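Look at the two complexes coming up: chain A is in both, with chain B in one and chain C in the other.
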Partner chain A sequence: MVDAFAYVPAVVLLPFFSFLVALGAGKYLPKGGAFGGIAATAGSFLLSLWIAATVAGGRAYDETLYTWAAGDQFELTFGALVDPLSALMLVIVTLVALLVHVFSLGYMNDEGETGLPRYYAGLGLFTASMLGFVVADNLLMAFMFFELVGLCSYLLIGFHFREPGPPSAAKKAFLVTRFGDYFFLVGVVAVFATFGTAAFAGEGSFPALAEAALAGDQAVWTPGGLDVMTWFTVVGLLVLGGVVGKSAQFPLHTWLPDAMEGPTPVSALIHAATMVAAGVYLVARMYGFYALTPTTLAVIAFIGGFTALFAATMGVVKDELKQVLAYSTISQYGYMMLALGAGGYVAAVFHLTTHAFFKALLFLGAGSVIIAMHHNEDMWDMGGLKARMPVTYYTFLAGSLALAGIFPFAGFWSKDEILYEALVHGLNEPLLLGGYVMGLLAVPVTAFYTFRMVFLTFHGEPRTDLAADPEPVRWNVKGPLTVLGSLAVVTGFINMVPVQKVLGLEGIDYLHRWLDNEWGGIDGLSSHHYADLGPYSSGYIAGGEVPTVLVGAAVSLGLALAGLGLAWRLYNVASPTEHTAKLGGIKDVLYNNYYLDELQVWIAYRTEDIAGGADTFDQGIIDGVVNGVSSVSLAGGSRVRRIQTGLVSQYAAMLTLGLIALLVLIGVNGGWFL
Partner chain B sequence: MSNALPAWSALSPALLLGLTGLALLLVDTIRPNERSNTSMALVSALGALASLSVTVWFVVAGTGHADTGGAITLLEGAVKVDTLALFFTAIFASVTALVVVAAHDYFHDHANPAAFYSLTLFAATGMALLAVANSLAVVFVALEMVSLPSYALVAFLKKDRGSVEAGLKYFLVGALSSAVFLFGISLVYAATGSLIFGEVASGIESLGSLAGVAGIGIVMIVGGVAFKTASVPFHFWAPEAYEGAPAPVSAFLSSASKAAGFVVAFRVFTEAFPLGASLAAGIDWALAFAVVAAVTMTLGNFAAAVQEEVKRMLAYSSIGHAGYALIGLAALSSGSAGNEAVMGAAMAHLLVYGFMNTGAFLFVALAERWGIGRTFEDYAGLARRAPVACTAMAVFMFSLAGLPPFAGFFSKYFLFMGAIENGFLWLAGLGAVNSVISLYYYSRVVRAMFLDDPATPSALDAIDVRPTALYAAVVFAAVATVLLLPGFGPVIEAAEAAAEGVIAASGSF
Partner chain C sequence: MILEALIGFTFLAALLVLLAPNAWAGRLAFALSTVPFVGSLYLWSRFDAVGNALTGGTIAFESRYEWVEVGGRTVSWFVGLDGISLPLVVLTTFLVPLAILSAWTPVDTRQSQFYGLMLFMEANLLGVFTALDFFLWFVFWEAVLVPMYFLIGVWGGPRRKYAAIKFFVYTNAASLLMFIGFMSLTFALGDSIGSLALPEITQAIADGGLETWFGISPGRIAMVAFLATFAGFAVKVPIVPFHTWLPDAHVEAPTPVSVLLAGVLLKMGTYALLRFNFTMLPEQASALAVPIAAIAVISVIYGAMLALAQKDLKRIVAYSSVSSMGYVILGLVVFTEYGVGGATFQMVAHGLISGLMFMAVGVVYNATHTRMVGDMAGMADRMPVTVGILVAGAFGYMGLPLMAGFAGEFFIFVGAFGAPSLPYAPVFTALAMFGIVIVAGYLLSAMQKTLFGPFRLETDYEIGRAPFHDVAPLAVLLAAIVVLGVAPDLFFEMIRDAAMPVVEGVSVDV
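This part shows the complex of A and B:
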């Protein structure tokens, strides 16, 4: 039988070839190279399914494919690591990428956009980079693809580069995430310096070495003989810098709402499966390392919980469809970080999975609305679209219910599990409990802004002529929506832990078993192993596990319904009005995103002052020396030119003088004349 | 194998060159109607290639190598054939072949090109003789044998004022230098009582109160070498001669003639004035070379950086390269194990330099043949009309600058590393700084050819011919420059073997 794992590189390379084809020959292809991209991602998707099936068959894959630099201390390699986590992620990424490609036919081609080869080339490279990142078997390779992902997001967000907004948004996305990546890079170097390897899996991997070092079985380098635990915490936080940037966590989340300037399918790809997911995936990938350092975990949990609440509040007042979704993305990734910090590895991956589907769905749904509305994104100009675009409405509704966490949609199960993990582990950990409380408070807010969006867009009476007569969308929009709509409904059933716990039905927590290597995987990369490493113990309220599950689920569902209900009351009317004025002074704060952009600009200017000093040094001293050397050599050259007078008598004189000088030098040196 | 041949046959590379020259002269004199530019060029190229083949065969067969009975001495020890001599003869023969092939097109409309070929071959004969010289007298005679045809060659374009003026200046400076050199030889003879290198060496060991006399003599010989290698302060002739001379002659002088100066230096200063004995007598000629090398490379590169004309820039760059090669003598230290390495590297650099510098001057010859002007600006946009030749020129420029992956990088790298290992970090550092400066002016040529736009659209219309032989010579030199990269292993080994041979021959070094 042919080995599925032999095709792991092909999964990455297929979209890369579509990138090359679109770039090189897109002009001559029908649809600007779209079909190449669709074929490539479809191929990658099928291969990913096959690979996932092979993993389910009890096998895993961890190979170094190419060593590109080898030294005495360590080797720098490219390799592939396929375990349950990466196999799952491969399926998610390729599926979302495939659907985004198909959707783009409707959103880009049918709308008569120009520069399509560039667009499809960007999509292909974006997908390929993310897939390379997913299968990376070491931190350095992960970093390189992480950067490629960042580059592609820059290219795609700035796709409409002739307008003023997109290039600036692209620049912002690039710079803000680069700020985080800077710490990540230092972290990668620190990992190499500490462990001499950056491999994720196996006996000699850096999480395994870190575990051994903490147990005292392994000596590792630390700067200045720093305590091992302290140093690991520092390294973990450094790498976390990249995660915070890419996954748009507070305080580096500011790039993401601006990134809405990119074409909507790109937003779907960025938010659901690639760029933003990369950060969370990285933490999950090296969870064996993070689980060792309680401080890092607590920081992750707190940042996550805070971001979840903080972003949700800003989503409440936005007027544009995609802006609301942008803040919901930040908020939802906050939940994932909360889960990771709370020791809920499976819960985080679960939410990553469900969120990938329902957020892709929501963005594509929003894209569909935007096509219908001729690229007007203001929700106050919509209304009543429900009757005129039923497919979009019902799929969008499914996605919204999932996002709001309403039973039994996908988001309910995953969000509930996150909050449950945070609660049971947080009862003994004040910081974690704080994260839990913020996560819980974000639930009604999420439900509120989600349904505010649904009601404003689809319910009530059309508020403009455009909304009364929207442009119809074609199969290439409806098809992806239908697929994702179904997934948003059913994905939650892959991991019905509460049902299992309450009813005692064993074995329906498929994702738990999948990530616990029940079907196969790599030792040391199982959720069970992570739970053993983690610092947390479980506590329960209301006298036991089952009541805790029930109370937790009931509280979060109740809060979600409350938020939904409020939105219903305020906005599900024939002609809704703005209620933001009631918020008073808070409104301005929320509209202006807590003035964080202003703060960052202020910081940037202060940094510029410091950089100005460095610049003065560079210009004045470094460049001065360099310029000095060159002008000295040019001036010296001119002198030499002047010596060359063309008069032979002078030559003879200088020649003789030179010889005499040489004679005197050697003679005095040798002491001939003494 | 060579044992089967009579001993004098060891001189056959030089004899082949000389006989070819004589044959050309004969035909030119007695049957002036039969001569044609093509046949003359063909015969001289064949003669040079025959000499090259024999030389390579000798090197491969190990003639004069310690493994096959050591160096072959002839004529009462006045002549000695060893690996060093063969290595340099190979350089001379290769450059001669390239130059005569290129000259065929360069002199296509010259009234009487025959003299050019015979003069070139006689000069080459002198160089080959210089390589085997084992006596100061032979060195002087051979040196004059190189110089006199060179003067004539520089002034070969009798109707060109620049050419004639350059020839005259070259001759005057040359005469002065020859006098200095000869005076140096006489002083050394006075102090040591011999002209044969081996005997001079033993004389140096027992100089007594004559150390000062021998010292002045040796420094004057350094001056003679400096003249031939175009090193400071005997370099004044070089920019003008290279610029005024026909470009193939510039190529010949700056590559082959310079290498001839170096072969003398390498042999005389290791075999006749071993460093150990010289130092004991207070004659630190390595210091003299270090000073000359440092000043030469700096002056050459600085001056090259401000030139406006490509040919003159190449002339100064050629002076700079002489400075690099002098490191091979300057960075020697008595009893050090690294001496073979650094001297071998200098020889290898001269071989690589022979191809890349000849190629660069032949490209200039091509440009002169087209008549497109001499300055950097005149070369603007040339790559559009002559991509092959310009690519070859880019190879020469980058190789001269010492950029990887060209052969010039490796030879320079070995040279500087050898100097560092022998404790001459400052010299290697100065060489590296100068290489950086050189990158500036070499890349100017490349930029002009490939990136700049021609001053006027019709500026390049002069390129209406494709001189086959000149093209072939340029391309061949480029191919050799590139191929010397994979082939650098054997080259550096042969060069180090040659260096080892002369250093071993000197006994106590």
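This part shows the complex of A and C:
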């Protein structure tokens, strides 16, 4: 029988070939190589489904496929790890990549765009790198592909390189994430030094060794004989640096809104559904390590909760469609981090899944609006698009309801589970409870900015001629929107934990069972194992589990509806006006993103000042000493230059002659010429 | 005899080109320079060395003829290869033809002399990397300076005289210091050596052959010799604070000369440090591990900060070499498999990547006649292929995975972090690693300003695409960088084999 796992490398390599084809022959192909990309991602998607089905059939895969450097000290390898988590992620990534490729046909090719081969090459390389990251079986390989997706992000954000904005945004994106990746790389190196391996799975994997070391069954290296727990916490936080950068968490989130300079399909694929998810996925991938260190978990939860609220507040005042979505992306990844920090491994993966679909949907919907509006993104120039582009409207609405967390759309279920996990575990952990409160406060804000966006864009009267007569979009736009729109409605049903708990229906929490290796998986990589490792105990309010579930869900749904209602009152009118002025000084703070971008620019300029100072020092002092010494030794006076010139020419000539004479002498002496 | 044939052929080629007419000297030089490359590939295919040439390993292509006896010690023609020198020989023969191609456009006077000197330099470089007798090695080492001096001084930019003199005097003074230091070592070895062969000297020192000399204890002589040779080689590498000749030399040197200067000549310094200081005198190296690691870190960070301050593209790349060489020093001083092996690998990787960067900047310069960041913008619009490769090379420099630079740097980092012989190794490593952020900062912002945005450059002519013979070497280099990044074990395997005896030279009390 043919084994699906034999095709894991093909999943990664197919998009890589489409990259090569688009790069090498794209300009000779129709649509700049788009069809190669579509075929490749479709192939990867089908293979991923097959692989996921094989995992569901009770199997898993963990093989080293290539030895990169076979040292004695460490063996550095590439391999593939396919378990329920990575199989799920493979399906998500390939599906979104496929839909984005199709959508690009409408978005990019209809605009008479030049440089399409470059675009499709970038998409192909990105997809390949992302898939390589997903199947990575060790931390080094994960880091390598993590960097490669960063490169692709840079190239695609800066796609319109002839304009001033995109190259600048691309630079910022790479640099800010590189800052996080620095810590990640130190973490990778530290993992090797500590454990001698960076494998994710198996007996000899680093999470397993860390578990044994904490139990006292395994000796590991620590710097300066540091306490094992402290050192593991440090290592966990170092790796977390990369996560915070890539998943755009506070304080390294600033690159993501700027990254909206990239083409909208790129935003959907890279800056919403997949690359930004890489950070969260990484924490989930090595959750067996993170679960061991309570401090790290608390930090993750707090960063996540804070980011969820912090980013949501900025989304409230933005005027551009994609900006709202960018801040909402940051905020939603904050929720996932909150879940991971709160011990809600399944909840985080659940939200990652639903968010990937509904946020990709919202970005592609925004892309459809942007096509219709001839690349005007200002929501105040829109209005009334509902009647003129119904497919976009209804799918966008589905995505918005999911994002706002309205029952029964996908986002409701996943966000609810996150808040539930944070609550029950947080009742015994003050820091976690803080994360929960911030996450809860972000709920109405999210619903408010989401529906502000919906009403301003689609409802009311058209506010410009463009909005009154938008450019029609074709099947290649509507198709992906319809697929994702359906997913935004139904994805939540894969994991209806509240229903199960309240109604006592056993077994409908499919995602829990999936991630708990109920069908198949690898020992040590199951949600139960992580729960056993984790430091948390559950507390309940209102006297038990079921009431807690109900109260939690009711509170978050009520808050979401309140936010939605406020948006309805303020913006669902024929000619809405700006209400942000009512916020007074707060508006400026929010509009300027709490001045964090200014702070980072300030840091960059101060660094340049220091560099300038170093340069002056180098030219003046260090080189000055060199020149001074040489003038003293060679001439000791003012006519250094001329004398030096004369001297050195002779010097060089003498050196050459001397060497030749010496050689001849030696030759004669040694009897060479006889 | 194959190494003699390789070096001899290159000398002959230099002579032939020198006598050829200017009109086709470039083509002849390129054609002739491919022969040593093919030869080095042959060497690679037949390579059978085991261990380190200096510590008693099996030497590949060994060839030894005694010349003379000086003061009771024989001087011989003694050449051979091990896993450390073969990659550098391949690097040299690979870079020279590409550098010669890249000279076709910019070099338009006295071509036969130019290409003749390039080949003459190649021959001497091959000598440096193959010689296993100190005297022979020193002759080649010094002889490299002469063509370099003329290449900068004759074909260089406006301040070429100053730069050439500075290069020559500075590195020559350093050689003198090194020579004295090394000679005192050989004198102190007394009767325990009968020749100036490097393996014999290394093993004599390891066996405790150093004697009291003029009332100076062996330990002190070894330390003085270590410091003198270290300082001498530090200029060549260059290590901060001995680096100031480098940017001047690079800025004035024509592109192909910069390619060889950064690509190969700097590696003479790190190669010599590895051979002499870290292989022959491991005890001293390890006793001085903390200060050496400190200057390595300073070289990385300070060099990167200087690069950040520059406005001239070539100066940026030049200073970033200082930074990259700091990694090499860190890798050497930790005495681990991945540290020393990674340092050697990084020599090759950096040779390719800095070569590519200088070449790509040179191609842009050929078209724009300026290298200043503020003078141009949006070059990607006019020279898409060149700029594409330049961007790829810049990412290689930033340590993008699956390119050679990442492999070298990661090997060094992973070898250094937990190194038992270096106190505070994690701190030094983590500090040095911050270089990967700064390098991204200056390269990305330089690229944004010059390559992207709306096109802007004041010229009275149209900027066209670069000719094929300018772009082809860039593509070849890029391909090599990717191949080595994907499959570093092509070289790293033999490097590790030769590096292990060096690592074992330091005993660590854990």
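Convention: the second predicted complex is superposed on the first by the 604 of 674 C-alpha atoms of A that agree within 3 Å, B and C clash if a C-alpha of one lies under 4 Å from a C-alpha of the other, contacts with A are read in each partner's own complex, and residues count from 1 in each chain.
As a working rule, a residue touches a chain if its C-beta (ideal position, glycine included) is under 8 Å from a C-beta of that chain, and two chains touch if they have at least 3 such contacts.
This is a predicted model, so every value here is computed, not measured.
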Can A:F174 be said to touch chain B (first), chain C (second), both, or neither?
-> second
Counting only touches as set out at the top, which of chain B and chain C does A:V437 meet: first, second, both, neither?
-> neither
Kindly classify A:A212 by the partners it touches after superposition: chain B alone (first), chain C alone (second), both, or neither?
-> neither
Does the superposition put A:A56 against chain B (first), chain C (second), both, or neither?
-> neither
Thinking of the overlay built on chain A, is A:A70 touched by chain B (first), by chain C (second), by both, or by neither?
-> second
Is the number of chain A residues in contact higher for chain B or for chain C?
-> C
What part of chain A is shared between its chain B contacts and its chain C contacts?
-> 630, 634, 641, 644, 648, 651-652, 655-656, 659, 662-663, 666-667, 669-670
Touching chain A in the complex, chain C uses residues 65-68, 75, 139, 142-143, 145-146, 149-150, 161-162, 164-166, 168-170, 172, 240-241, 244-245, 302, 305-306, 308-310, 336-338, 341, 378, 380-381, 395, 398, 400-402, 406-407, 410-411, 413-415, 417-418, 425-426, 429-430, 433-434, 436-437, 440-441, 444-445, 447-448, 451-455, 487-489, 492-493, 496, 500
Listed in rising order, chain A residues that touch chain C in their complex are 67-74, 76, 140, 143-145, 147-148, 151, 158, 161-164, 166-168, 170-171, 174-175, 178-179, 182, 185-186, 188-190, 192-194, 221, 223, 604, 607-608, 610-612, 614-615, 618, 622-623, 626, 630, 634, 641, 644-645, 648, 651-652, 655-656, 659, 662-663, 666-667, 669-670
Which positions of chain A touch chain B when the two form their complex?
-> 630, 633-634, 636-638, 640-641, 644, 646, 648, 651-652, 654-659, 661-663, 665-667, 669-673
Please name which positions on chain B make contact with chain A in the complex.
-> 168-169, 172-173, 176-177, 180, 211-212, 215-216, 219-220, 222-223, 232-234, 236-237, 239-240, 281-285, 287-288, 291-292, 299, 301-307, 437, 440
